[in-house]
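Quick one: this structure, given as structure tokens, is what I'll be asking you about.
Chain naming follows the written order as A, B and C, and within any one chain the residues start at number 1.
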């Protein structure tokens, strides 16, 4: 596999003209600025999703009680501050919708795909910078439409983020008319952000790697984003198609999913989950990649089994296409299909297990530095273990009969999406913040935020497994209506209180983030002593990233190498024999080695 | 507060089988959970940075990769094969006992309407009667529910029986189960179906055969008066 | 570079505001968060009481009344307990040869008069039954929907001429709704208790009446002139009659329904056009 490309070396960018405020900060084509834009927008929507979750937990913790500030809401949502059942259904729907599409996806793919891919492969920007700018701007526009849906008559969508038909096909069933339409329009639009972004990521990684940056010298963060981009490219259009069909059923009288016109409700589920399952791997793979970088770097040790890690990422992505039916075991789908999907679902546990063991192997005999990114990274591993193991209960179809649509599923999904993706994002943000903004985040605040988040996160979500074992269904406005669930109310209140604390603790992160922008310690090029190319340039990198084309001599995980003086060995540092001693910094053109050293 | 991982009481023939499968998974995942988490914490403590400490340059171990690929694979595939029999028994329509007592259950926003055969013992004839939100069945007798939905998807959930099946408009799905003791138990809706979803509840009362026959006779006498 | 933060914070809310302004609420089924809107700034009553006349009468039921089905409230004990005798369907309510729950209203003849909006009308849910079973309101008049049962009811109004609503009341509470377009009749039902149905007639004027158990109705203080009035029943359909109102006089009208009318087409969701046409049957 010899695909080294030698692009023209960059001239210095000192003569680059001043673009003005609008072209620099608003309509930028620079991948690093776009990454920042994605970061602020997705953090905003993370806040929105969190507030919605808080309201859900208020109702479950204190059912029928007036909510603090609830009197600010109109009577159609919460008369006297008491949440109505239909508003509760909208809350659970919109919480998940905002979190998945407007917080997690933009943060994982939008922020880190943009920030890391060009820098880690030695490119000056993405393959299609203007397309990249479009890809960002679609997101806040779609997000605004989604927010607006709260304010229309009938309120926001209330059929679940999964929007099962026929419930979602007509306001007749939900009382929601325009809100459901806006939900569909918003998601149709935001899909194009993912699709265009993915086109960029794939093209950039394939075509714009620096000389010597062979496939198996690409850092795992970029690998995970590259594979995620393929999933986005193939899965999101399926969702878009399904959403358009549902929109037609809602508005122009088609009957793809409406039984009134001989439509098929299960067809919606197949389309949705055929997208939906690759989607959850889209949500976890980038986090896995980032955590791999951080654990290796902060343990001063190569990632254990780099090739296996890449293969495991690819295996997860590939297998992710053939397991969607496990969301539909109880749906009325042909039960014989249940066995097929059970088998494939069990198999997909294996590559995740491989990755977990490899992370442990990376820590083994390492020299582990307990800074905030590392703490978040190992938290990711420990919580992902729980999330992955809990999945096995549902993968076994007969046991899923009991657990489907209960809080056991809610526990599982929050362990992989919050324990996994969110802690993975904290790991990535705290690690790459210096590169983005030129300053370190405050380490003490970071550790306090980490430990409090870890504790209250687990106190919130772990008991949900038990709620599920006791049979509590999901999306239930008031479980006390059922005698067999009344004894669980104290548990629900306990969970709600811990959730409020967990949410409040995030203020420390926000404060740290904002304070460090101005007051953080100056970072320098490589505060973490990492090997990958982004740490060879200033923080933040200048326009064009690399003053000269970097040349790559080795893989990204040469930490504590016996031949190296330091416990790290940057990818672009020439080999010892050529320069008669380890030198720091990028090679000058005079030291470019012959082709033979560039590897295969 | 109930922190228990123990399944609540079960009153059907499926219950013990599903519950013991659950416990098998709980044991396996529990052991793996403790083993991996303890290892993680142990490594973090043992290999934490200390002055003068240096990490060992280890890139991987092929044998280890093979072991921890094959072992999980064997365990999970084994679990899948182990579960197949139970899944077929519960879900395969051709395995539903022929002598099952049949009830039509039609779900709609927000109630369960159960249609029982009238004195002629046949469903679908003029003497059938409907009970709202109340299922009555005899103990130790296979019951077959023909599950339907009028408007949107609902889900027929009998927690104590470990029974769950989505009711889909346009489909008629058979669900079968057999109660092992008498009493009154819960019927819940387990698929979001609108604003009344949280309250779409009913009861399922298991009678002795004699009591059930008496109940049936009493209902059939009032049959024409019910809607 | 930090200015980007500030601008981002402004941009998103601004976009939201733009979109919100673009999407106004729809017609009808609108809710008013504050209490009864009452008369507000509407016109004063244009009718001069000194010259007004009245229409009054009764609804007769000929022949045997059909037997009504009993309602099984066993699944909702709180409601079952509120009924001292077995609750029966209210579809046909006959006592002593008189038919109740017939909606009588002025269909044509009021031309272009506009009337002040009255105070809120009450629709109560008590014992899992709508009280009243048939209700008349004016366009934009508040309907106060009250839950006296303390358990979940939803109120689903399904008009044809305007957007309906489907709102829930999980406990004892009141909500206000109103209808922006005249329509006869708007069906209302509860999905949690499938036997609960009610009908609301929405008119651009206050001349409507629901016959009581004695079959009587009255439309008083009408300007003198020729009118067409309609009597609507949920099973037996609608009938019209021409009536002439003279000053100081009460015109007596009798409508007769019988079980043989059971196959009639029951108009629902009909728009209301007050323009006077000379005779029944000439209309559109």
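Convention: a contact is a pair of C-beta atoms (placed from the backbone, for glycine too) under 8 Å apart; a residue touches a chain by one contact, two chains touch by 3 or more.
Every value quoted in this text rests on a predicted model; they were computed, and no experiment measured them.
With centres computed from CA atoms alone, A is the chain lying nearest the middle of all the protein shown. In this assembly, A is the chain whose CA centroid lies farthest from the centroid of chain C. Centres computed as Cα averages put chain A at a distance of 52 Å from chain C. Computed from the mean C-alpha positions, the centre of chain B lies at a distance of 45 Å from the centre of chain C.
Annotation: 32 Å between the Cα-based centres of chain A and chain B.
Multi-chain contact residues of chain C (touching two or more other chains): 152, 154, 166, 168.
Residue positions 84-86, 174-175, 477-478 of chain A are each in touch with at least two other chains.
For chain B, residues that reach two or more other chains under the stated contact definition are 109, 194-196, 199. Note for the complex: chain B touches chain C at residues 108-111, 131-134, 194-196, 199, 202, 225-227. Every residue of chain C that touches chain A in the complex is listed here, in rising order: 1-5, 7-9, 11-12, 15-16, 18-20, 23, 25-26, 29-31, 33, 152, 154, 156, 158, 163, 165-171, 173, 175-176. Chain contact summary for the complex, chain A toward chain B: residues 84-86, 89, 158-160, 164-167, 173-175, 259, 262, 264-266, 299-302, 304-308, 330-332, 335-336, 338-339, 342-343, 346-347, 349-350, 353-354, 356-358, 360-361, 363-370, 378, 381-382, 385-386, 389-390, 392-393, 395-399, 401-402, 404-406, 463, 465-466, 469-471, 473, 475-479, 481-484, 487-488, 490-491, 494, 557, 559-562, 567.
Note for the complex: chain B touches chain A at residues 1-8, 17-18, 21-22, 25-26, 28-29, 32-33, 36-37, 39-40, 43-44, 47-49, 53-61, 64-65, 68-69, 72-73, 76-77, 79-80, 83-84, 86-88, 90-93, 109, 151-153, 155, 157, 159-160, 162-171, 173, 186, 188-199, 201.
For chain C in complex with chain B, the residues that touch the partner chain are 69-72, 74-75, 152, 154, 166, 168, 191-195.
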